[in-house]
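Got a structure for you, questions after.
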Amino acid sequence: MKDLWQNPRVKRIGAIMLIAVLVTVMTGPEGNGAEPTAGFTGSFAAQASFFGIFTVQRWIVFSLLTLIVVGAIALAKFVHRSWNDRAHRGGSDASAMSTRTPLRRRLDMKSSRYVFYVIVLVLAIFLPHVITDNSWQTQIVQQILVYILLAIGLNVVTGFAGLLDLGFVAFYAIGAYTTAWVTGALPTPPPFHMQFNTFFAIPFAIALAMLCGVLIGLPTLRLRGDYLAIVTLGFGEIIYLFANNLFGITGGATGTREIPFLSIHLGSLKYLWGLNPVPYYYLTLGFVVLFLIIFSSLEHSRVGRAWVAIREDEIAAESLGINPLKYKVMAFAIGAASAGFAGVITASQTLFVTPPTFTLQFSINILVLVIFGGMGSIIGVVLGGLFIQIFVVYLEHSPPSGYNSQDLYMYLGALLVVMMIFRPAGLFPSRRRRREIDQIEAGTAPDAVLTDVGPHNRVQEEMS
Amino acid sequence: MISPLFDVRDVTLRFGGVVSLNKVNLHQSRGEILAIIGPNGAGKTSLFNSLTGVYAPQEGAIVFTNSRGKAISIIGKKPFRVSAAGVARTFQASRMFNAMTTFENVKIGAESHRGLGVVGAMFKGPGTRRDEHRSDIRTKELLEFVGLTQQANAIASTLNYGARRRLEIARGLATAPDVLLLDEPAAGTNPTEKLELVELIRKVRDEMGVSILLIEHDMKLVMSLAERLYVLNFGSVIAEGTPAEIRSNPSVIEAYLGSVDTGVAQEARDA
Amino acid sequence: MSYFSSHFTTLGHEFWGLLVGGIANGIIYAMVAIGYTMVYGVLRLINFAHSEIFMSGAFASFFLMKVLVGNSTPNAFESVVYLIVGILAGGIVGAVMAVGLERVAYRPLRRRHAPKLAYLISAIGASYFIYNFVGKEFGRINLSIDSPFINNTVFTIFGAAVQTYYIVIFVVGLIMLVSLERLVATSKLGRGIRAVAQDAETASLMGVNIDRTIAVTFMLGGFLGGVAGFLYSIPIGVVYTMGFTPALKAFSAAVLGGIGNLRGAVLGGLLLGIVESFSVAFVNGAYIDVVAFAVLVLVLMFRPTGILGERLGRSA
């Protein structure tokens, strides 16, 4: 009996069945506290159609689906391997590749990449003319573009600097509330008792978010980088508590008064971003592109290289004169600033700011976008963000039976675990990150749990 | 009198109850190739870590005088500040940035002492471009100097031992140091690579004017390269002198005979 | 001046009551903090999903109490039996959850030497999945527990009433904490845990089964966390999000005492419980949760190794 359980094939089939059962329950009907078994029995007893071919209990449908997925993965692996074999045997192909100079190859890659960017940008510009429904357009701005903007910001913290920030939403909230404050939409009077144009909220929001980022980041990163996650987690909750309870300052649970739209009044140049989501779409898209360019040049700069160095081997980086604390705090502050900025956009477009927007779930949602696409790869984050947020918006519009909007976070949580187990570098990883993870896992890099705990590190902790 | 490069006085380093360095005194003159030898666990790497700010010894003083004649107390300084002062090092088990190319590895060293320049980096300002260009040139020079131009675009983890050592040396030199600390540079290299390494280390001193402080187990290499040696045992300096003096010093021979690797002692006498 | 003096007056009136409540809370924090500290000891990781182990224990005992207690009013003997059943249910489910978590979310990563960031993400994902799953299956509203005992005042100290609930916490908590400390300090199992905490590589060379030791560590921490969940839920009931705040506080307590240090976790838990209890006199009730966080940040700023220091591996 014990031998049977040790058999890897039996183990794998067991794991597959377990996953099928789990998926069955996850997608099943809601249960309740009075009848704790209702959700489970409902999940197993209810029937579902298998692509309209036949109708049978849901769990059987899911077992079949899981088997098909697993089979497809195995097949893909097999095809991939035989492809590789052929590539190795057909040596002439490989040598033809290598005769091209690396520079030439890089140029090719670069130009084809630029063509790809331009195509995507043109598609994005024409999108509002394809999707003309107002509510969809609003969703696209608020649920896709703003989320991508946030994901690009979090990517600097998590992807570039390798720090886990679970309180990202706090900086987003700070940005949103600062907008309300500057435009006089809070119970507390605006700075200098004058109402500013909404655009003026941007520098205020960025500065305030950055300041909070440094205040939270400094003491934590100074010694224990791994505590950052939990400290930011707590910070997110506290900002929520303040937003919800400081009636005299934030308006408490009822939220803020009306925040004016973004507008320009420069002499004869007047423009108002109004209720129509399309102008906001273009504005936000413009900022997404701007952030993409800025963060991408940051990645390929001295600063970006320093982040990689610290991520890979902090001690070696420090011996070369890089101050790890400075670079980590900086990444954290840049991330905070971009979240604060996104807060301004959201606050001005949604008119009101209320605390329930700023829960931990939001931070996790953004984190999923970063992880799914590929930490550290800006294009990966954008693609991953698009993919997931389109899915989320779709689920919201036409939820399948038994789906509750809260279930989303269950799926996202599961997705994080699955990604970490099977594809930690994400679906579209940056080449460098991919290499890095490969190397850590091959044991050639020093940063691995259980191997980085040698006396050297520990002594250093004691000393500082 | 010209102040020495390193002036280490009565340095004691303890971890809990364990004394790792015991009243160590050490002097290095500018331009000197100095070696530290001793059995395993004698405290050689601890001394290196103390000289580079990784450890902060509880007692004693470490004064480093850079080429501009500025005296800097090392104890209590963070490693990146020590690096900025002009001390570069390599590690016993080579610690490269494995996922980066050889070129990038060296470039990080070349640009690490510049200010933050985040805004410039974000918007690729003219100053940033100039800096990048300068670092690129410097990196190319250094790669040529250590003979890694061919492997400039190779991923660091694919390099062989000898190349890794040279990469680490280039990376250290990129920070424009006054002294380069080498922790067992020859470990894991084959005889040919070893010879090349000796050449390179001499070249670093002769052509770049960078002083060398090295830890090494390979007696032949040490005796042919070093101009002066310190012998550590149980955290204390037991002897100091030229290779010839050390070779005939009875307490050194005893220390090596008393330790496990007697082969080293044999080598010490043979070399 | 008057602000403080008036607050100190209330403090004076309620001093003993606040102290008793604070110690009771502190014991619960300590029991959860031990889970964090033990896992941190062997893996150098914050087990983010520990909050869900706490929650699962509470839910398991909740459903059992519902069946057992029903609408009856338990007599003294029944109360003791129910409590023991509740403790076992909470502890066992907590332990099973913890081991399962290690198996699914950590071990595959450990196998391929994943970087630290991957563990943290995997753990936060697992935590998220578990509590939302529980929310889906058992509803997203607060469910009140049928109390397994009548909460009388047993005796009074200096005018402060000590209820049955507090006695239960003191007794159960003390038994658990002391037996854990003995287990880790004296048994072969405990030696294995300490060896891995000190130096995993050497321990594995010396023949300690690392996988098993880590699983046992999770199991012990999970048991205590599950029991703590049960004790915590008796007066206020259960809800799927209940783990978050107490776990965050327990982590702060572990850091306050010195993470990796068993006695530190207990001391930190008690201190935090008492500090929080007394801060009622100074801080608006809505912000009471901020106190623990402030303690965490202050400790990180001024004494990052905690009160007793991080005696990783040398603990107990």
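We call the chains A, B and C, going by the order they appear; numbering starts again at 1 in every chain.
Methods note: a residue touches a chain if its C-beta (ideal position, glycine included) is under 8 Å from a C-beta of that chain, and two chains touch if they have at least 3 such contacts.
Note that the coordinates shown come from a computational prediction; the quantities given were computed from them, not determined experimentally.
Participant: Quick one: which chain's Cα centre is the longest way from chain C's?
Facilitator: Centre of mass proxy via C-alpha means gives B as farthest from chain C.
Participant: Mean of the CA atoms for each chain, then the mean for all of them together: which chain is nearest?
Facilitator: Going by the distance between chain centres and the overall C-alpha centre, it is A.
Participant: Busiest chain-chain interface by contact pairs, anyone?
Facilitator: By number of C-beta pairs in contact, the leading chain pair is A-C.
Participant: Determine the centre-to-centre distance between chain B and chain C, using the mean Cα coordinates as centres, and give it in whole Å.
Facilitator: Averaging C-alpha atoms per chain gives centres 48 Å apart.
Participant: Need the CA-centroid distance for the pair chain A / chain B, whole Å please.
Facilitator: The answer is 42 Å.
Participant: Could you give the separation in Å between the centres of chain A and chain C, each centre being the mean of its C-alpha atoms?
Facilitator: Averaging C-alpha atoms per chain gives centres 30 Å apart.
Participant: Which chain A residues sit where two or more other chains touch them?
Facilitator: Expected reply: 462.
Participant: In the complex, go through chain B and note every residue touching chain A.
Facilitator: Per the stated touch rule, the residues are 15, 52, 54-56, 78-80, 83-84, 88-89, 91, 95-100, 104, 107-109, 111-114, 116-118, 121-124, 128, 131-132, 135, 153, 155, 157, 171-172, 174-175.
Participant: Mind listing the chain C positions that touch chain A in their complex?
Facilitator: 43-46, 48, 63, 104-105, 108-110, 112-122, 124-130, 132-133, 135-141, 143, 199-201, 210, 244-245, 248, 251-252, 255, 284, 286-287, 289-290, 292-293, 296-297, 300-301, 304-305, 310, 312
Participant: Quick check: in the complex, which residue numbers of chain A touch chain C?
Facilitator: 25-26, 30-34, 36, 39-40, 158, 162-164, 166, 216, 219-220, 222-224, 226-227, 229-231, 233-235, 237-238, 241, 244-245, 360, 364, 367, 371, 375, 404, 406-407, 409-410, 412-417, 419-421, 424, 437, 440-441, 443, 447-455, 458, 461-462
Participant: Could you pull out which chain A residues touch chain B in their complex?
Facilitator: These residues of chain A touch chain B: 102, 294-295, 297-298, 301-306, 308-309, 312-313, 315-324, 326, 330, 334, 432-433, 435-436, 439, 444-446, 459-460, 462-463.
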